[in-house]
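Before I ask anything, let me first share the structure, which is written out below as structure tokens.
Read from first to last, the chains carry the letters A, B, C, D and E; within each, the first residue is number 1.
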Amino acid sequence: MTQTPTPTSVQGPAGPPQLSEPTPRRSSLTQNVLPSWLWMALLAAAVVLGAALSALLGFNLATWFIFTAVIYVASSYIVTRTRVNRRRATDALWTNLIYLAFTLAILPLISVIWSVASVGIQGLMEPGFLSSDMQGVTGLVDEGSQTEGEPVLGGIRHAMIGSLLITLAATFISVPIGLMTSIYLVEYSRGGPLSRAITFFVDVMTGIPSIVAGLFAGAAMAWFLSVFSGLTGLLSTQRSTLGVTAAIALSVLMVPVVVRTTEEILRVVPNELREASYALGVRKWRTILKVVLPTAISGIASGVTLAIARVIGETAPILVTAGFVVNTNWNLFQGWMTALPVYIFRQFQNPTSPNFSDPSEQRAWAAALVLILIVMGLNLFARLIATLFAPKQAGR
Amino acid sequence: MSSSLTQSDKRGVAGDRVFSALTVSAGVIILLTLIFVVLFLAANSRDAVYQEEQGGWIVGAFFDYAYPLVIGTLIASLIALVLAAPVAVGVALYISHFAPPRWSKSIGYVIDLLAAIPSVVYGAWGMSFLGPELIPVYNWLHENLGFIPFFAGDPSQTGRTIFTAGIVLGVMILPIITSVCREIFIQTPKLHEEAALALGATRWEMIKMSVFPFARAGIISGIMLGLGRALGETMAVALVLSPGMLTASLISNGNSTIPAEIALGFPEAPPGSERQAQLIAIGLVLFVITLLVNMTARWIVSRHKEFSGAN
Amino acid sequence: MSKRVDAVDLNVYYGDFLAVEGINISIDARAVTAFIGPSGCGKTTFLRSLNRMHEVLPGARVKGELLLDGENIYDPGVDPVTVRTQVGMVFQRPNPFPTMSLRENVLAGYKLNGARLSKSESDDIVESALSSANLWAEVKDRLDKPGSGLSGGQQQRLCIARTIAVKPDVILMDEPCSALDPISTLAIEDLIGELQQDYTVIIVTHNMQQAARVSQKTAFFNIAGTGKPGKLIEYNDTSAIFNTPNEKSTEDYVSGRFG
Amino acid sequence: MSKRVDAVDLNVYYGDFLAVEGINISIDARAVTAFIGPSGCGKTTFLRSLNRMHEVLPGARVKGELLLDGENIYDPGVDPVTVRTQVGMVFQRPNPFPTMSLRENVLAGYKLNGARLSKSESDDIVESALSSANLWAEVKDRLDKPGSGLSGGQQQRLCIARTIAVKPDVILMDEPCSALDPISTLAIEDLIGELQQDYTVIIVTHNMQQAARVSQKTAFFNIAGTGKPGKLIEYNDTSAIFNTPNEKSTEDYVSGRFG
Amino acid sequence: ACGESNTPAAEGNADGGDSASSEVAGTLVGGGASSQEAAMTAWTDGFTSVAPDAQVNYASVGSGGGRDGFLGGEYDFAGSDAAMSDDEWESSKEICGTEGAFHVPSYISPVAVAFNVEGIDETLNLDADTIASIFAGEITSWDDEAIAEHNEDMELPSTPISVVHRADDSGTTENFVDYLATASDVWDYEVSGEWPGEIAAESAQQTSGVVGLTSETDGAITYADASQIGDLNTVAVQVGEEYVEYSPEAASQAVASSSAVEGQASNNMAFELDRRTEESGAYPIVLVSYHIFCNEYPEQETADLAVAFGEYVLSEDGQATAEAAAGNAPISDELRDGAMESLSAITVAE
């Protein structure tokens, strides 16, 4: 039980191992801390310098931001590096980079939201925008709005209803299937061929172009209906352009997202919790439902929201599977339906009045705003559910 | 207390059976659906590689058609990934370990908003706002870094380039990667974080020591999901890009991606034609790309399986 | 309510690594049996094979027979869940459910199995289980707080309470008192003494005085060297093991002055 | 290499809950100090406040002064990282990094300095740290396996090895031997004895014999009742605490026959 | 923003129904060319005032998608910028009886060559060769001699030319490229709905996209459905010795001088457009957009709806509605008469 100090282990961790003098390592605890005003000063200097440099190139906000960020990050690294030590400098560098990453992520968000809201809010303010559909709104109406300043008519009631119904149906199809599959992958399979096959195909599915999903769902539904009516003699004129076909198409897109996100989150649930439950004689399925899932619920909610957000904005697959109508349809199993993204896309791309497209654009942005708000609402809802089941705050 | 081991409670056993059967059947449903998707694609893409009139197999012609699209797709996704992945992981870390705890939930929520924006809107944003903003940047890149082949070609005067598309894709996949990573980062056991801190680790070192290794598989999964989205994104790319032939330059017009090509070509493709088959066939090619990428990722993860953070 | 446990030529593996080899042992019902032995010799591993918890780990498997009142729990027809309802276990590292309150943690064995309990029934169970584990006084005011906000010893007692609340036939305890102060230790030892009247109790302990105090029989495990499997060296009445061991290695081990 | 530790009117909170109150204590350098007391009395909590690990928990905070060689570690200007490099800690619940191999686990702290270690240097460090923790023989053949595939006691020793590998000035050990067999316990106690020559060592233990064996001074903590804060009741030379305690409660506690 | 519904229909729609209201009822579904969407919105709306119990749904899934859906039995009629191939017609017999499906022109649209160049504020004269060279990227500046030649008294700026083409496959592209290929000697790319991949140029989706991009970009030139070009200036195309500006009449004339496609249904009204026409006053870059109907429908209701809707679209009323709402060029009376006759051939399967 000897402690033969190796040559390197004589000095403390803070000193480089090459220096072997037994100098007292740190004289003070505060030595490693730089005064907090320093960061303010550095930042201020960076802002000023950044502005100057940017002005050299013909001033604009973007270059100002870039120069400021670079100068600040670099200078605080150098300062920490020279005044304190390399580790602290690395820490400061990464901390700054992470803050920078956050800022970078926020910028496009603000920009996109601004693009949407600046026009969209006005459209949303039009009376009846949410409560009416597009029946009777033709190019003439829009021409009147644009040239004579009449109110912009038409709304998105049909599209909101279509989107919500289709997305909910898709969620009801794909969340149970996706979640159950990831449970199978994490809890049941032991790396057998089935699980490998599933993983394999789910992986492939993550990159499926959405239009392909739509084509597939349309073909599958048509095939199913023809077989069904062939067998039963019912539904002779049933066509496959239905809300539910769109829901199937969206499910094909949703499932891989649900599987992959939930799979990852289930995998990191500590095994000791499973063991604790098994040891109480709790059956596996109950363990999964009552111990594993609640522990992972917040991650699952995130995954599901992600999946919903992914598909609720899809255009092409819904257009080819559910069609596009101007009136409201509540029935997923009968007739065509319009979804918000399809509506937005058509209003952008083929304005109701090709030469007077402002009203269409206004409706499109407003619809986009509504779509974002809907997803936000769903997100909030998912989080609410998650917090209801979430782990009581974890201690150590 | 039951007296015998074998005479166990039937209902309980049935519950287990039913549940595991449910999970298996969910898996099988996915499997079957996908097999059908693949069959559907394969059946419908036959004409792209086999044409009676043209003397049988025309794989070469199809290859000539497909490879620029494959490369374009990869370039756009790669740009998106390179831009988004580090930022996304950074943002996830910010939310899980840097932001004031009171705020972190709301901040995560704000980032999730990015995921809520429909791709049509991203497309419209990219073509009407971002693209024009980038024109001076492209000009600058061309003037100062023109010797690099990526910046060689004539800079686009509309900003509708593969680079712009890559940026838009990057913004789109950012919240996906962030969301997956964040959830995993949060799950890092306190115990292991404390172990690192107690060794005198700085926050960053603690993250490198306990958070990243713990979340490795999750990060890769998140990135793969994001990449899948980037590879398969249709509308945004179709709107932002000025598609054309393959060029090495990222800042001039040209280049296209597989989903954009499908979206732009399919509506007008005559039924049952070679063109239609061709478009479906490149869809199949995209499948293969996705698969290869994912297999690589899985392989990386599986090499460290026994070092799982769950233990 | 209690069952005897017999192992016949039991080998326990982690993948290809044979961790415990050739165990033959007969453990009495209504008695306390202590497993002692150096760290890493396979006590936990063997204990976990007694209620089929071992096989939960990927790649882990067991060969040989393990008889619970004469029935082999490793028979193909046997449902591990039935085994585990009859053989309860307290883990070496306390693992309360972080998603549940203290109260729910104690009731976990019922609640997780979907049992419907009236408020008063469950109150009774919670109080009696926590009291037996000597935790009631400390936590009775915060039964709705999460299980993870407890001190190490409190967590361990919580896990004990959780296990005894479901009244299994056999109770396995892996170092139940390792994180406990003398007072709690006394309480747990008293509890073990009580349990023994109705249940079969098996404890792993490093504390030889504790083994001497609470157990009727003691099994000494040892390991010949790194990578070698752990073996059962000697199994006998506790007094015999501590006073007149047959094996040299047992004597060496128990004559250490520690614990 | 070693530092004295002084607490001045230290209060430790979990959110609003005052867990430890009014601690005033002077802990000698180059000595072993033992903390004893019933479960839940705040030993771990206080220990964690000595290297600012306490504040890692959300809502947890500390009031008062804690002086390390006269410098208050809770001064606003102080960087907790610096404190923690100087004050190392072994946790009550072993926590090896499951994502690292055994070898990496031991070197984890060392690597932090970014010191580029040659293969042989790092081999030396791993071997010496693991040998001190009495784990070398058991694991030397599987240094590249994950840290989680160890028995409970092995994990605990691995964590000890990891902590001493970085040679902090002060070493805090929260029940370092709770999961250990007598042989390992002896080894760890020997290790503590050696460490004491260069370092300040503070251990929490429930084992009074152990406290008596290894420590020069002992602090007894107690808690008046549920929801009350833990307090330092008596602090004195170990022999005094065990033989001639000043307080009644100390005497009651140490005269228990357990441990 | 909530409140009363604000659609015109909800405010009472008694004004539109001046023609005799029809008895037909039910839903007719169609899909196809997106270029028809604006007109279709007007038609479907107008049709409800003629036949209050009837509804027409139209999905703008593209001409190919529309024909695909039509042949697959998903749609009752298709809107298409391009006529069916013979193969497609053959397969239409499966759902439309022995005579198969047939085309009727729903509108004729001149494809304008439109540009946005600072300094050129009037119509530019060009011939087919020059247009082809511009779009092929061989002429790169607006003051090129080839352009100046045709516009002798015009001051041309030296702005570089940015060609803007359709990014998506489109009927407009097909007709335009067909014109370039037949009328000029310079263009030797394959004719299809896809812009030739060899030419590097700017592009955008849909007519609104190219028009928008052209309007934003100085020096840009594009081709687009003339009804949607907004305030862009256009090119007068050399036909014979004169320069012809696009106009509904000029477009109709170009169609009138073309021959019908042979070999399909007897009442088929698809055209083989003559791009090389020398006829005075004909504008050769035209696009005929068709509606494709079945000659035989399985049910009376659908057949009635198809006839009624087809007739409404062709009626003066229908054409005027579309012109007002979407700016389409109305078809000539001659064409209308022929088309009405074709429609009357629709029957119900026994």
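Heads up, the rule we're going with is that contacts are C-beta pairs under 8 Å (C-beta built on N, C-alpha and C of every residue); 3 or more make two chains touch, one makes a residue touch a chain.
From a predicted model like this one, the values you see are computed outputs, not experimental measurements.
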For chain C, the least number of touch steps when starting out from chain A: 1
Required steps from chain C to chain E (each step between touching chains, minimum): 2
Maximum centroid distance from chain C, chain identifier (CA atoms): E
Chain pair bearing the highest count of C-beta contacts: A-B
Distance between chain centroids, defined by C-alpha means - chain B, chain E (Å): 38
Whole-Å gap between the CA centroids of chain D and chain E: 83
CA centroid of chain A to CA centroid of chain D, Å: 44
Set of chain E residues in contact with two or more other chains: 34, 61, 65, 72, 205, 209
Residues within chain C bordering two or more other chains: 81-82, 85-86, 93, 149-150
Multi-chain contact sites of chain B, meaning residues that touch two or more partners: 12, 16, 189-191, 194, 200, 202, 205, 214, 263, 266, 308-311
Interfacial residue positions of chain E with respect to chain A in the complex: 1-10, 13, 27, 29, 31, 34-35, 37-38, 41-42, 44-46, 55, 57-61, 65, 69, 72-74, 205-209, 225, 227-228, 230, 298-299, 321, 324-327
Residues of chain C touching chain B in the complex: 1, 68, 71, 73, 75, 77-79, 81-83, 85-86, 167, 169
In the complex with chain D, residue positions of chain B that touch it: 101, 189-202, 205, 209-210, 213-214, 216, 304, 306-311
Of all residues in chain C, those that touch chain D in their complex: 14, 36-40, 44-45, 92-94, 137-141, 149-154, 157, 174-175, 178-186, 206, 208-209, 225-227, 253, 256, 258-259
Interface residues, chain D side, partner chain B - complex: 51, 53, 56-58, 80-82, 84-86, 88-89, 91, 93, 95-101, 108-109, 112, 145-146, 148-149, 159, 162-163, 166, 168
